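Labels run A, B, C and D following the written order; every chain starts at residue 1.
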Amino acid sequence: MGMIGGGPGAFIGAVHRIAANIDGEIELVCGAFSSDPEKSKQAGEMLNLSPTRIYGSYKEMIRRETELSATEKMDFVSIVTPNHVHFDPAKLALENGFHVVLDKPMTFDLAEAKKLQAIAKKGQLFFCLTHTYTGYPMVKEARQQVLSGKFGKIRKIYVEYPQGWLSTFLEGGDQKQAAWRTDPSKSGIAGCMGDIGTHAFNLAEYVSGLKTMKLCADINIVVEGRKLDDDGAVLLKYDNGATGVLFASQIAAGEENNVKVRVFGEKGGIEWKQEDENSLIVKWLDKPKETWRTGTGYVSSFASHNSRTPAGHPEGYLEAFANLYRNFALCVKAQLAGQTPKAEWLDFPGIEDGVRGMAFIENVIKSGKGTEKWVDFTV
Amino acid sequence: MGMIGGGPGAFIGAVHRIAANIDGEIELVCGAFSSDPEKSKQAGEMLNLSPTRIYGSYKEMIRRETELSATEKMDFVSIVTPNHVHFDPAKLALENGFHVVLDKPMTFDLAEAKKLQAIAKKGQLFFCLTHTYTGYPMVKEARQQVLSGKFGKIRKIYVEYPQGWLSTFLEGGDQKQAAWRTDPSKSGIAGCMGDIGTHAFNLAEYVSGLKTMKLCADINIVVEGRKLDDDGAVLLKYDNGATGVLFASQIAAGEENNVKVRVFGEKGGIEWKQEDENSLIVKWLDKPKETWRTGTGYVSSFASHNSRTPAGHPEGYLEAFANLYRNFALCVKAQLAGQTPKAEWLDFPGIEDGVRGMAFIENVIKSGKGTEKWVDFTV
Amino acid sequence: MGMIGGGPGAFIGAVHRIAANIDGEIELVCGAFSSDPEKSKQAGEMLNLSPTRIYGSYKEMIRRETELSATEKMDFVSIVTPNHVHFDPAKLALENGFHVVLDKPMTFDLAEAKKLQAIAKKGQLFFCLTHTYTGYPMVKEARQQVLSGKFGKIRKIYVEYPQGWLSTFLEGGDQKQAAWRTDPSKSGIAGCMGDIGTHAFNLAEYVSGLKTMKLCADINIVVEGRKLDDDGAVLLKYDNGATGVLFASQIAAGEENNVKVRVFGEKGGIEWKQEDENSLIVKWLDKPKETWRTGTGYVSSFASHNSRTPAGHPEGYLEAFANLYRNFALCVKAQLAGQTPKAEWLDFPGIEDGVRGMAFIENVIKSGKGTEKWVDFTV
Amino acid sequence: MGMIGGGPGAFIGAVHRIAANIDGEIELVCGAFSSDPEKSKQAGEMLNLSPTRIYGSYKEMIRRETELSATEKMDFVSIVTPNHVHFDPAKLALENGFHVVLDKPMTFDLAEAKKLQAIAKKGQLFFCLTHTYTGYPMVKEARQQVLSGKFGKIRKIYVEYPQGWLSTFLEGGDQKQAAWRTDPSKSGIAGCMGDIGTHAFNLAEYVSGLKTMKLCADINIVVEGRKLDDDGAVLLKYDNGATGVLFASQIAAGEENNVKVRVFGEKGGIEWKQEDENSLIVKWLDKPKETWRTGTGYVSSFASHNSRTPAGHPEGYLEAFANLYRNFALCVKAQLAGQTPKAEWLDFPGIEDGVRGMAFIENVIKSGKGTEKWVDFTV
């Protein structure tokens, strides 16, 4: 794999590298780690890359890698830059036949996302958008159980993602993460809703298997001086008639990354939260609730495929992230070998999730500004 | 005390009696337990009341008790009938100088509530509306901490009350509780929002000390054939600029009475839920979260006044309910003795909470039916 | 009921009165609340007792009550004095035909306990020892599930009761509770082991249905200057071959009343703790663990008989305590009416539990002082 | 690094490789993965090793690696074989100047452990014993807080490790893990006590900073036909006068890997359990308990050094394991560079932990068989 972005100070780049490393199956072979060639070089050296494959720009990287032999060149590229530098490198990579792993949200705006979708589709290329939470074994288990129909028709979804880290005007200092995430020229039209609202939105659709049809949003800028939303709540209507509530906040002081999803059907439902990542609570109308656990013998193949240790040895965020990489890489490998990937491997967030996420951003911001109650979810 | 309603099959009547009994300070001396005199008589006998003080109707009861001497007659009346039989007996009691404990929601509609408010005010009578959750020691502690200003300005409130018991068409059978609660002629214009939405609404205003200014509601009838809402979610704007999310459901299959409130300020916030009723989670932007506990030496006087056992011996719903009765009775007793009640005693839900709760019902149903996004919260 | 002890400053007397009050079925009619007649009088007046039935001593009370007519006199007596004042009043009450509720541990020493046992047996009198924790609905459910055999043969028991309140030399000040509990002339030969070790011991035998055969104890006085043990741990062997671990401490600084029991059989087991009193965790070798809850429709008759509110409205320590009183009173009432009490009513801790608890104290202290590993559990 | 053991079917070998991979700083360069050269070859190929560095035996590997140049040869060896194949390869590696990572328990018996200790000491070599639980950030935080003295003198330790996986006679089938762990010729004299009792023992000493002086053990073989203990409980006396309770079981049906440690001092204490691995509960005698969390800004340098993601993104077992490798590797690297390792790097379980663990096994089995109450902890 090659990496674009992820130089010094970039939190998520390091996370991507760990996730790719864990199973010892993916090797970082090249990178363009910064728009500053000198910084890129330093980063590459620290990562023990061959000097010839540390590039000064993503354009150089894709051009040069394209010229290498099939066995030599990177199999896919991982793009971990801020939102406004997603589209160009992804487009170039896809056009040159490279599979792509891309950090969420997919692009700067919905139009870009649709363009990428078209290109990827044409090239029959794999595309992974890192909605990490769907990589947890118990989130996969949740989806399998909901889709199995055991709870009857789904009626209600609650999904929430409270954080507290932007409770103060952090972007006024030199916190790089805060700076670009609150800057409309880098993040796009949404702050909180783009950064974590999209995660919540994706998690709800992933676990329930439903599609959003209408929404009604209250979008707020709470911290004085901030340019993008740092808080919001959304009422949702799904395609089967179910309704939902989504809320995300970056000013819930004292919260860490407390993402949680609840789905209720006619007979029962599920609850999962990152703070107890290896448990899936299954509730029933008329019998005791159950706690399903990662790594046990009784979970579905989708859960056990995404687990690395025996039950009770907690598997965390990095393993969830690694599951995205592993499944993506298994698919790429299968394609290279002319084989059909298994259903379990194909179960990673892809380009349609990305496009829907961008549509969420546009619709939610539109609703937040409007006076009409319900906005149609248009893609 | 005298009781109106609470005959055979009436769940909440028994709860009121336990709550009044706990401290051995309140004696049930008379009652009109049913609109059927025979049933009233049976109920009174089972409760070991003197036959002369078991009445055939609330009118008879109030008339006859009024005629008794000051030392003999009941000091206050507790009304535990369905919503549509709140106003008349409460009005009559107040007009005859009896203090009143009334089950929530206050009345059939807002107009009735305002009339009661006027009468009670004129008579300088105590009025307690049983928003039980505000009787928990840790809910009182939460309010004290929030009001103290230690978290800075309040920015965000989440309050939720998911239940699952009405997931099926229970009113189709002979479940008395389900029957009247889903019947518009007995419950009024709201089902879920009146029954538990008002609890959530009250809890949020009580803990935060804020007043709702605007709301936007999604109100649903989920179970086929049902006549009143069994699910809803509301976006809220408060008088200090804070925003909120409230949701309540009776079709969250597998949930019991999972009421929970979170309030966030600039520096931290609180979280309380009935499932861990004796813990108050206090969160901070930059230090470990704390768990404050009922019955400890370090809590406020408002919390310790409402606690009966040493820390670690859980105090539950009945004790919270009993706290309402105890504080109300302490105030009545103080008034009788010509004394000024303490602030801790006066801290029970009263007539203004009741009026605001009825206004919540009317506004939330109006919003649920409307197409405009925000509805002003009018009282 | 009549009460012996429980005057001013006596924590547990107030708890007993609340427990007896809750259901409105038991009336406090007389009392000898203190060995000081004046204090007894004051206490009785505060409790609104008729002056003629406030007695100056327990001897006077039992003599005078005995002389009253069957309909007038108290049906039973509740004794809530410190340990060294258990035997004499209990003996006198039993000898005069009064049923007895007695605070644990049963007596000052094992010999006294056996004498009471003989007297009670002869008189066919009901005797309730307030091992409160066995009054929780989910503890009753635990016992029913274990006895049902669903977990196979029981193999292992863990029971623990850490407290922190005696972490300092509290008896050096004027804390009345600490003073008598650490005084060998009032508590007997054990401190922690008598006060809370007996609870843990009883809870383990109650839930498992097993009897202790051997034990090996480490008994400690941790706080300097203290005269009785404030900490201990015990290895146990049960009559079916199972083994166990019991520990109790009053110097586990920061713990409240964190009693917890776990029982494991061949196929699974149960876990219950007071900090989550309304949940019973049921674990299985090869399927998800379950959370059984108070007040639900799926629990056993033993659990539902001991529950007062719908699921999700927590029932706490006082309700557990009230269950002891209610079941005891139901049995007394049945006997008075010449009826056979139901199995659910008879399920309260009785005189055999009391005798075994006293035997536990003697054996555990003997083991703590000895050098041999295993001490036979002799009664 | 080179690996000895960890071929097909060996659970822990894969875990070691993941742990070493995570940070991308340690490269697997050679291995002798099985005593069967053919299987070793297959394993090495699957791991993409150069064929010249896949060895048929550990002896060959150490001999050949020793002959390579300093820059070429492996820096250290990781030994992940069953207990009876720990000593010989570790000895050979140390004697040839290779640093060693060794799976616990250290050796087959205490005598072997002491020999290794002598050799390692002489060679000034780093030695890491994989007591994984001490790699969790919050376990490190616990130790730092306890050692800081903030809780006063430590008085009581509870440590427990219940598992349920050996509840049936699993070794009767073809479960490889169960087979060697219950076989005295491979595991040594202890089963449960060696496999997980040593973890609990080490965790207690690590967090408390205390040394065990005496112990009293109840050691059981519960499952019929089993040859080694599958359950046990131990009373402990520490060098500062504190006492403790340790229990470990493999027949606690329904438990996963539920290791938990509690340490109490005069003023408060800590609690940590693997099921909530990123929280450290800090308890106080007279103020609210606190929850300290991985990845926050307020934890000690020892905790933050061992954390990879922002707070709220759970870090699990593999990261804890990786912390051992990372710290060990940082020390090795520092030594190679002639630098002094930081205190945070040196904080991994070493050869003294290993020797004490073997002494624990011998003493605990001796006590389990004896009739005397207390056995001196001899090393």
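Just so it is clear, contacts are C-beta pairs under 8 Å (C-beta built on N, C-alpha and C of every residue); 3 or more make two chains touch, one makes a residue touch a chain.
Keep in mind that this is a model prediction, so the values were computed, not measured.
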Selected pair, out of B-D, A-B or B-C, that shares over half of its residue contact pairs with C-D: A-B
A-D against A-C, pair bridged by the larger set of C-beta contacts: A-D
Farthest-lying chain, centroid of Cα atoms versus that of subunit A: C
Gap in Å, rounded to a whole number, between the CA centres of subunit B and subunit A: 43
Euclidean distance of C-alpha centroids - subunit A vs subunit C, Å: 55
Mean-CA-position distance for subunit D and subunit A (Å): 35
Touching two or more other chains - residue numbers and ranges from subunit A: 255, 289, 293, 296
Subunit B contact footprint on subunit A (complex, rising order): 151, 155-156, 158, 160, 162, 164, 167-168, 216, 218, 220, 222, 231, 233, 235, 237, 243, 245, 247, 249, 251-255, 262, 264-269, 283-285, 289, 370-374
Complex contact set, residues of subunit A against subunit D: 11, 14-15, 17-18, 21-24, 28, 47, 163, 165, 255-258, 274-278, 293, 295-296, 308-319
Complex interface listing, subunit C residues touching subunit A: 282, 286-293, 296-298
